[in-house]
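Note that the chains are named A, B, C, D, E and F in the order they appear, and that numbering of residues resets to 1 at the start of each chain.
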Amino acid sequence: MTEDGIRCDGRRLDELRNISIKVGVLKNADGSAYIEFGKNKILAGVFGPRDVHPKHMANPDSGILRCRYHMSPFSVTERKNPAPSRREIEISKVIKEALQPAVILKDYPRTVIDVFIEVLQADGGSRCAALDAAAVALADAGIPMRDLVSACAAGKVADRIVLDVNNEEDQEGQADMPVALMPNLGKVTLLQLDGMLKPEEFKTCMQTALVGCKRVYEVQRKALMEKYFQNGEQ
Amino acid sequence: MNSQILDQLKREKILDLLKTGKRIDGRSLDEQRPLIIETGVIPKANGSARVKLGNTEIITGVKIQPDKPFPDLGDKGILICTAEILPLADPNAEPGPPNEEVIELARVVDRGIRETEMIDLHKLVLIENKSVIGMFIDSSVIDSGGNLFDACSYASVAGILSCTVPKWEIKDEAPVLVEGVTSKPPIKTLPVSVTMARIGDYIIVDPTKDEESCMDARITITTNSDGNICAVQKGGSDGFTAEQLIQCSETALTVGRKIRKQFETLM
Amino acid sequence: MTEDGIRCDGRRLDELRNISIKVGVLKNADGSAYIEFGKNKILAGVFGPRDVHPKHMANPDSGILRCRYHMSPFSVTERKNPAPSRREIEISKVIKEALQPAVILKDYPRTVIDVFIEVLQADGGSRCAALDAAAVALADAGIPMRDLVSACAAGKVADRIVLDVNNEEDQEGQADMPVALMPNLGKVTLLQLDGMLKPEEFKTCMQTALVGCKRVYEVQRKALMEKYFQNGEQ
Amino acid sequence: MNSQILDQLKREKILDLLKTGKRIDGRSLDEQRPLIIETGVIPKANGSARVKLGNTEIITGVKIQPDKPFPDLGDKGILICTAEILPLADPNAEPGPPNEEVIELARVVDRGIRETEMIDLHKLVLIENKSVIGMFIDSSVIDSGGNLFDACSYASVAGILSCTVPKWEIKDEAPVLVEGVTSKPPIKTLPVSVTMARIGDYIIVDPTKDEESCMDARITITTNSDGNICAVQKGGSDGFTAEQLIQCSETALTVGRKIRKQFETLM
Amino acid sequence: MTEDGIRCDGRRLDELRNISIKVGVLKNADGSAYIEFGKNKILAGVFGPRDVHPKHMANPDSGILRCRYHMSPFSVTERKNPAPSRREIEISKVIKEALQPAVILKDYPRTVIDVFIEVLQADGGSRCAALDAAAVALADAGIPMRDLVSACAAGKVADRIVLDVNNEEDQEGQADMPVALMPNLGKVTLLQLDGMLKPEEFKTCMQTALVGCKRVYEVQRKALMEKYFQNGEQ
Amino acid sequence: MNSQILDQLKREKILDLLKTGKRIDGRSLDEQRPLIIETGVIPKANGSARVKLGNTEIITGVKIQPDKPFPDLGDKGILICTAEILPLADPNAEPGPPNEEVIELARVVDRGIRETEMIDLHKLVLIENKSVIGMFIDSSVIDSGGNLFDACSYASVAGILSCTVPKWEIKDEAPVLVEGVTSKPPIKTLPVSVTMARIGDYIIVDPTKDEESCMDARITITTNSDGNICAVQKGGSDGFTAEQLIQCSETALTVGRKIRKQFETLM
């Protein structure tokens, strides 16, 4: 990083990588989205509400949400074994719990909404990008939602708090903090941290991430509008 | 609605049309759906392709890395094609270990590329019996719209054609990457897989998902640039007459030539 | 191969290896057969029609057919891991689909017919030999059938089309084509090919294999007659 | 018919007969079913046997190949006995990973052969701590008619006795096969497994499947040529008195001697 | 061992290692026990009678008993993979069959009683110690029982029959015979042997083990009384 | 009784109490349950601890053994924390491979110890890139009474603190144990995990099982001896406001200091 805070990929400290989201990219899924977030390339597809198999997993009082975050074998530098790793299982769980507050499940007892995420190419912040695509795919599937969910990481690199850590920064960074926000309800639904932050830095880092989440929200909103409203405006 | 009854009605409708020489989507019997191939879609991979065949869509990535040769095959590099139906590609696909259908899909794709000898594996040897280059061609079905066999095969071939192969030198018996030097993969021939379905007495090329749901039997035939037939796989719960099979082999050659031209533009 | 077409094991181009089939060799199975086909030694056992477990696999409109092709650890040169390989799973599927057209399943809704095949010693053409035994075992189990299924491979060795490729020929052969036929209905229910054939050779090879299938059929028929009709004739 | 009621009726009938000193198939209580042993049935294996014990039938193949020794056991070759109930052998057997019954079967067969020290494993070492000979004795139940323990054990022993052991020489620290030179395996003793069931107050030798379905408890005792007791496994959901167990150990020795004579004809 | 039969850990030939049993050590389990038997440290917890999952395993005429014997990764010298080994599966089965004769299952059709055993530190004779704890845990869970089950091994070390073989003796011993007894009903419900014993030695060894079982029974009984009767006496 | 209705009633009762600043077990909102730590409970392990946090009880064992380093991490020893909920610990726990909850538990415990850099892994290297010391810290939940995250973390830290590390010397490129020489592990800092639950508008520290069954969301924050925040994991099916999270980070530091003092007595 340069002294005036220009990062290895040319961004300023508080600058997001390029993000583009396409809605409704899959024909079989009930809803879908494709996101490019920096070098991340991620697909999300949603099915449901539909019957639960195996049946004993169904909840008679509410729908359930399931989530699978999966990386393609070719998505990372060394070919990845296609069987889900423990890391992928954990990320699937935190993504599910980040989406769940936004999804109105009570109206669909005994059903399941399945969110399937495929990371085609991974870069830093893939779980946030995955969440962003998944939230849009849920909306595209017509699932009733209280809010969108918008996610973005912040971190500490070369002793500075930066927004949206990329892969190279993550490798030698001092902290990485993925955050997800329901932007209208103001609730943080995912928060993780790996690294080392002073209490003040913790606050700054989270605030930085939340600013990022709100910017991501605008991209998500625009993508949905582009699909659902011909001229891109309501 | 009972899906078996639905399939029955669909079959009647499809058969009625076939009697008049037509298909539900307006194609003639030996016509493939439009094939769109885009390469280089996964820059972090050594090769990649995104293929659309009608409503079917595949992404293939190729990873190339040094490996140990298989025992008794020390004079050959390693080539492994896999295929996976992502759960987002199909409401009936399930996450988890591959079922027999997916295993068949992967093995038929692999066989087509292997048996045509598309890649000269002898050129992927670093030290005989000790160190070779391995090519892993992984295909993910992201939208399942029928005829996954051909779509995955085309994506795999396109992914291979798009590859840049890194260079490794041997130092102290171990392969060391030579930065900045790459080459094209050693291609010998272009395999083309052509899948046909029999519905009643009609043979149709490149069946859609609807056509597959009511077909009697299926056959996939892979040919090479010299017009040889190199791999065949019959599937489905009924059979073919010998005459139908010979007809299929001829169709595979004819249709294959068109696809091969499309591949040639990628080279 | 000699110039006048005598093969490594002394056979002519269009000659089958020795085949012997015994019917009803197992006491627990509802039907069974043991085949020796060259050096192949294969057992097939059939159970059913019987209840399906797990129940959700049952078809309310028809019986289902399941098939398992499995190789004993000692059946091949290097000891084989007893867990089913991907190759065994694929062969199980193509064998099932080769047998299915011959089996009348409609009369047994919600039931399953299980075909279990064990390759005790493997030689070239084991999937064809397995099919031959399985078809006889189905008949022995009293399952209603439209026809038998008879299978045999042909291939290309030393630039010639030969019937019934053995292990040594397969190793260095140019093509191997397993074929299964319903001999009375004239339908090919299995066809695979590994190798390289000119279009003309493809036809010849298939015709050669079909001739072989018909000869195998005679052996199957005789074996069934020997069990069911005392003096070996109807 | 409810299988529990059926088993109950079967038990009553069997017990009534046992009171008169008879069994359903006419045997006396301490009589085994006829044992038929055929060896060399799988020529591609290094040793093999097909064993019929009444309605139970087993095929065992032995594969012999160079291997690395277990850590801390560098002065011994490797011996592994497995057993599998093929799904064609029993309407209740299921394909898939072995359940606890099959695991017990395999481990009891293995233990009988291991604890009697049938094979002198020290003679299967090529280079101490580095390279040894491994013997894999795989038994497949092809017809399940009761007393799989003894039947698999007999088939394993017969398979071993029928072995020809290839010769390997060490070149550059790696084993190289010496063509055309073989030897017999280094046999020290002949293990004989004898399984008994308790039904009510009666102990019967070599139970059939029907007898097993209504037995109270089971015991398998393996003895060696010197008349030692080397391996025991009690099974079943009830117990034995100490007196019954001592009676069983004596029966195992007596019955074992007959079987051992049959083995000796194979040497 | 010394000539007058003093063993490597100072015990006489017919002497048990120290045993202590605590009843009701777990809060979630319906019944539980903790045993220290020599250096063995083993927990047993019992749940049930409770509903069976999956349902098809339920027996409409009787309750069923399930048992899991499991070793902690840190329980042995080399770290153990936490997945159950074939040895653990076999021991689970023989322990289940050793407990089953003592448990009155008929009164609880369609239910299961689950016995979970965790070996925290393993020494010679861990399956016997596990059984001892499990029997006490079943009693603590209020399961109706015909008798307790008390287990102890005997063996042959340096040509002598000894009671309660420890780890060092087992390593170089000539025979190890774990035995379980229903002490009041006089039935042996577990008997295994690895090693080599003359017929006479077999008898002595079993009698020695049975004497040990009866002594173990006293320890089990005392532990239960301490929990259920304030002053340690009935 | 329907467990969902039960949880609803429980939640109402707990919320009513929280409005008056109290908890069901009489604690204040930021008060942990008593923590009892006993070390050396598994003498055969290199380190061990038994931890009770209220009704939750954990046993952790540490095994230390030579290992190969991870590729590209040749200058560091290996540290792996696992966690398992034993089936005897919870009526709902099932034997078998770990589910997503258990995987999260293990990974969060591991991350807390790893990211605080509790152990100086550079000091666990025997030969760079070839041979290092591996520490396996395996935690078993033996009684599940809520807040397994903190309880497993405390047991893991205590287990590590109790370790005696054997000494290995390198002979012929292989590590050889030096009998009788041990050292303490190279500890750099003391990680303390503090888990909080949100129920309605209330944040409570160290939730019990009952409190967890009706909480809205959960957060686990691990701090080190220097007062840094090193690992965070939010869980549960609802969220937090940013203010609540900052409040949580402060609570984690305050509560953490008390626990850290308890750890210091173990050193």
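Rule of thumb we're sticking to: a contact is a pair of C-beta atoms (placed from the backbone, for glycine too) under 8 Å apart; a residue touches a chain by one contact, two chains touch by 3 or more.
It should be emphasised that the depicted structure is a prediction, and the values quoted were computed from it without experimental measurement.
Trainee: Treat touching chains as neighbours: how many steps, at the fewest, connect chain A to chain C?
Mentor: Contact-graph shortest path, chain A to chain C, evaluates to 2.
Trainee: Going by the contact rule set out at the top, which chains touch both chain C and chain D?
Mentor: none
Trainee: Go through the assembly and pull out the chains touching chain A as well as chain B.
Mentor: Per touch definition, common to chain A and chain B: zero chains.
Trainee: What pair in D-E, A-F or A-B shares over half of its contact pairs, by residue number, with C-D?
Mentor: A-B
Trainee: Name the chain whose C-alpha centroid is most distant from the C-alpha centroid of chain A.
Mentor: Relative to chain A, the chain with the farthest C-alpha centre is D.
Trainee: So the centre of each chain is just the mean of its C-alpha atoms; given that, what is the distance between chain C and chain E in Å?
Mentor: Whole-Å distance between the two chain centres: 52.
Trainee: Using CA atom averages as chain centres, what separation in Å is found between chain B and chain C?
Mentor: 27
Trainee: Quick one: chain B and chain E, Cα centre-to-centre, how many Å?
Mentor: 58
Trainee: Starting from the mean Cα coordinates of chain E and chain F, work out the distance between those two points in Å.
Mentor: Averaging C-alpha atoms per chain gives centres 32 Å apart.
Trainee: Indicate the residues of chain B shared as contacts by at least two other chains.
Mentor: none
Trainee: Residues of chain A that contact two or more other chains, please.
Mentor: Where chain A is concerned, no single residue meets two or more other chains.
Trainee: If every chain is a node and each touching pair gets an edge, what shape is that graph: line, ring, star, complete or other?
Mentor: Topology of the interface graph: a ring, with each chain touching two neighbours.
Trainee: Around the ring, starting with chain B and passing to chain C, what order do all the chains come in?
Mentor: Starting from chain B with chain C next, the chains run B, C, D, E, F, A.
Trainee: Give the list of chain B residues in touch with chain A in this complex.
Mentor: Against chain A, the touching part of chain B is residues 41-45, 48, 55, 57, 59-63, 65, 82, 84, 86-91, 95, 97, 136, 138, 140, 142-145.
Trainee: Could you list, by residue number, the parts of chain E that touch chain D in their complex?
Mentor: Per the touch definition, chain E meets chain D at residues 61, 86-87, 89-90, 92-94, 97, 100-101, 177, 182, 185-199, 202-203, 206-207, 210.
Trainee: Considering only the defined contacts, which chain C positions touch chain D in the complex?
Mentor: 26-29, 32, 39, 41, 43-45, 47, 50, 68, 70, 72-79, 82-84, 114, 116-118, 120-122
Trainee: For a test of understanding, state which residues of chain B touch chain C in their complex under the given definition.
Mentor: 4, 100-101, 103-104, 106-107, 111, 115-117, 219, 224, 227-242, 245-246, 249-250, 253
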